[in-house]
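Before anything else, here is the set of structures, which you'll find just below.
After this come two complexes, each holding chain A, first together with chain B and then together with chain C.
Right, the complex of A and B next:
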């Protein structure tokens, strides 16, 4: 193998695949990055057996070849180099790769490329095309609601439903539910539902960067693997097997009180409450008061901490319906307020013991449900 | 082709279930160490993923070779971490626990992986060695997984001791008993298939106690036999040692235990076998002794000990094994073992029975 490419490009490529490297694995080769010199480019691949990321870097290939090298070692070394041409050389049949850049040089012992787990090929199945912008927004609005606790594995994934002209992403961890709907660039036939690990979608989001070109998604026939094709990388992911709970019944059909408020104000008041709620299981109480003749309605946010005292803050709101109370884990409230792009949201409440709903104003593509905390009022 | 030997009916049954696509989602391989549980489990993993429909496992297709080489992405394997800790390092309680138990975190890693479909093969295989060493929490976690088995995942639990497993775990698994081979059958196999010399085969079949894996390893690797000799001789000499020398011995074995747990427990096993041999001779069953190359020493020692002494000490040995399992401080266990061992004051006649048969592979 004899190939050269710019340090900057190589570093970017290694950074792209770096998060797919296995952290701990019974398969030592999964802690390596596969480097393939082919045609006029360098292919970099990493896999943790849950997702496999492939990325291509422009290069001058004088002699084709492939090898795997320890991910951390190669990444740290390349990142420390000046932005000049990096030469990568390995004698045919060898296992020691030599990196040369200016007066820097390193030799690394690799593992045969044949030992590297093959990236699953996804040829048949359903294919879909989505706008990068929409996908970025969809991912950022749902993944925080996925479970991080592994005891119910399906909840660590995002339920992704392709139907007709629509793509729906949903995540739930038992305490909250986030559902985002977006159009598909081209309608597909029928309906396909898969569960994508949240980690994979976060990685898709990271790699999307500023990409403007559409993203192509392919799900294989067996619904076991999916491919996300971005303009600079491909991610193949294993799909969580199992059935996602039927979440539509969790979304309240109606409300008794609806308060429309400014997102930045709501965030400010909630954040203040969170400081005081830290020692009180993160609980904040929300009191929604309708406005009168001359005064506006408001949302009052109260946090009670035994040690340091209470905090009350309020903000103006356009309230429809009667007075209402609900208590939330303030972290969940801040999570949703933090991802809404619109300037206003509606808070919909029925009783203190039924779920609260937050929807952005001006669009109906996003619903966020938060389970209430039970407190003494 | 299945290479597992001595488990004909089991292999036939597994082979048929693979051919009929009728495999179970979880198997429990039960048997003594080195009886071939792991070989059988790995072969089943090959068969489940073999690309050669004519003969599963073919042991030569891409999938089989990757599994056999430990490179397949769908073989997930956990075991006790028995790797050594340098002798002078004080090992904390936490580390000691890790080295004697399969932990919940390890099971959780597998559980996570099991929710995702196979990466390159047809089935994901979750192989848990020393499954009888799971903590209670880990056992309960695995139980939950076995209650709702994900598709395309086959769990293989390997264990020596059924009593140490949760009954509910046992009942969820297809149980596969892996028995030691009758010594005569193993002896024939060693001569006919492995090309061992007859005397060597006779000795190995006996001292391996029918455990195929051990016999095959010993045939390949002379150091195993050398090690066994030094352990057996340790057992012989201890009986006539002074108490001071015995406590030195205890310190050594304690150090070994910290460095290489398996080696230390094997030493204890050798003692147990030695004392069982003493009992066999004492009760007139000399033809069944394991250490056939030390019959003279066994006979001589047996003459000087009472049956009661022998029986008591065998009890002490099995207690010691249990104590080590529950993490009693090892030094205390070893000290008590060397202290309670009966003492023969008169020096023994020298000479160690039959000479050890040299390795003689491939000469037939």
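Right, the complex of A and C next:
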């Protein structure tokens, strides 16, 4: 193998695949990055056996070849090199790869490329095409609602539903539900539903960066793996097996009180409450008061921590319906307010013990449901 | 009809089980007689001789014979007196019972001016009766116990065992009456001696050692109808058995499961499994609120209002414990040095002087933590912090457990429990054992905020849970609770729940904490009333004081 490429490009490529490297694996080769010199480019691959990321870097290939080298070692070394041409050389059949860059040199002992876990090929199956912009927004609005603990694996994933011209992403962790709908660039036949690990989608989001070209998603026939093809990287992921809860039934069909408020004001008041709520199981109490003849309606947010103190803040709101009370885990409230791009949201409440709903104003593609906390008023 | 002889022997069997019972009866008589100095002597394990001498009011010459008649007592006269009995003895059974099973010598006088009386009895009948001079007081010598009762004699244990029982009895009275001077000679060696200076701490020092005595804190509690006083040791000093626990009702030594439970309750969550608190407590309550006449030995009692007594003892101890400190902090605790002479001399002790003289500072709120400055985290498990009095290492898991536990307990007394609802119920499958437990403690679980519904056989739906669990694995907690609660009666279920929730909700060892998180944790721990132990009783905090550090670095020798 003899190949050369710019340090900047190599560094970016290693950074792209770096998150997919196995952290604690019984398979040592999974802690390595596969480097393949092929057809005037360098292919970098990392896998933790659940997700595999492939990235291509422009390079001048003089002699094809492949090797795997320890991920951390090569990444940290390359990152510390000056932005000059890096030469990578390895004698055919060898195991030691030499990096040369200006006045710097390194030799690394690798593991044979044939030992690297093969990345599944996903060619057939259901294919879909989505705009990068829409996918970025969809991922950022739902993944925080996915469960982080592994006790119910299904909930650590995002339910992804392809149907006709529409793609629907949904995440739920038992306390909240986030559903985002977006158009597919091309309609597909029938309906396909898979559960993609939230980690994978977060990685897709990261690698999307500023990309403008559409993303191609392919799900294999067995619905066990999926491929996300970006402009200069590919992610192949295992899909979570199981049935996602039927979430449509937990979205309240109606409300008794609806308050429309400014997102930045709402965020500020909620964040203030979170300071005191920290010592009170994160509880903030929301009191929605309808406006009168001359005065506007408002949402009052209070937090009280035993023996520590309490605080109250309110914000103007356009209130439709009667007075309402509801208590939330402030973390959930801030999570959703933090991802809404629109300037206003509507808070819909029925009773203090039934789910509260938050919807951005000006679009109907996003709904966020939060289960309240039952407290004394 | 049984002959009087048989009746007296049956009755004697209830009162006189072993030499220690004689010691008890005679010491009680001395105390009732108003003595302030009581000398006890035993030899041959008490079977050969039990002798109790006091300087009390003595028995008038004309009443000495009477004292040995069954149910002859000068202490009560009517049924009304029995309800309001203030003296230790009142049944009028002790002396006749003793006389029925041993030879008894009595020498008594009511004052220097009057000649005293000497009486010698054998087999319950008077052999010898004469006037003999004696200083004010009474001496009763019991010899050849059970000589005519070979079956009973056979059941007496080794001399050392019997002496141990007698020493235990005397110890308890010494603890109950710190203002009386007791001495105990066992086989001609001084086993115990108290000065009678009125300081319980001195008595404890003599019995259990000066170090323990110094560490103990006063217990004081008074309500309308009863008061509790005594000494209690901090949770860091505990014992495997209950030998260091003494409870007295109106200065009468009693063994009461109720009081034991109250003591345990006060220390709940502060001691390791199998360890028992150290506490010396006397309850003063009107005689008509307590029945000591349950058994001739009067070691069992019945209370008119058990709840009241239970609460009083628990609250008294909790109040005291809030002021205790960790063991390393002993130099802050004062010991009022008694008088000229060491309070107790223990026979085995080589030193014949008192325990070391006392430091000067009073016991103050040493149970709480001083303000700490976080230095960093060690092995993602311990938080290192600097305090005004040294280096502190804090176990992050144990500390957080304490914080969460306190919060849970506090919530219960204050507000209603806050509950997090679930958007989608979680299905939980139980083992048959867990299922059985659930049916018995369902109400308790509901009380703390769990909403659990039956959903088919041994399957349940969890619809809500206590908010304090936060992001911990609620299903694991439910399983744990059902496992841990299998062998628990209703009492204390809430505390166990809190302990278990705290354990699960608390940050684990091995988790990296940001500086802000550590500060937050320490601040919360500082606010706790019992910051030094986790709910399981493990320590949360270890302190190295400056002197120790200097020693370790050889700056000080």
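What we mean here is this: the second predicted complex is superposed on the first by the 377 of 377 C-alpha atoms of A that agree within 3 Å, B and C clash if a C-alpha of one lies under 4 Å from a C-alpha of the other, contacts with A are read in each partner's own complex, and residues count from 1 in each chain.
Quick note on the criterion: a contact is a pair of C-beta atoms (placed from the backbone, for glycine too) under 8 Å apart; a residue touches a chain by one contact, two chains touch by 3 or more.
A quick note: this is a predicted structure, and the numbers were derived from the prediction, not measured.
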item	value
Chain B versus chain C as contact partner of A:18, first or second or both or neither	neither
Comparison of chain B and chain C by chain A residues contacted	C
A:281 touches, of chain B and chain C: first, second, both or neither?	second
First, second, both or neither for A:376, with chain B first and chain C second	second
Chain B versus chain C as contact partner of A:174, first or second or both or neither	second
Partner chain(s) touched by A:291 [first = chain B, second = chain C, both, neither]	neither
Partner chain(s) touched by A:338 [first = chain B, second = chain C, both, neither]	neither
Chain B and chain C contact sites that coincide on chain A, given as residue numbers	none
Chain A partner contacts - residues on chain B that touch it in the complex	70-71, 73, 75-78, 108-109, 111-113, 115-120, 150-152
Touch list for chain A against partner chain C, complex	148-149, 151-152, 172, 174-177, 245, 247, 250, 278-283, 306-307, 327, 329, 353, 355, 369, 371-376
Residue ranges of chain C touching chain A (in the complex, touch as defined)	407, 410-411, 414-416, 418-424, 426, 449, 464, 467-468, 470-471, 473, 475-476, 520, 524, 527
Touching residues (chain side chain A, partner chain B) in the complex	24, 26-27, 29-30, 47, 49-50, 115, 117-118, 120, 150, 153-154, 197, 222, 224-225, 238-242
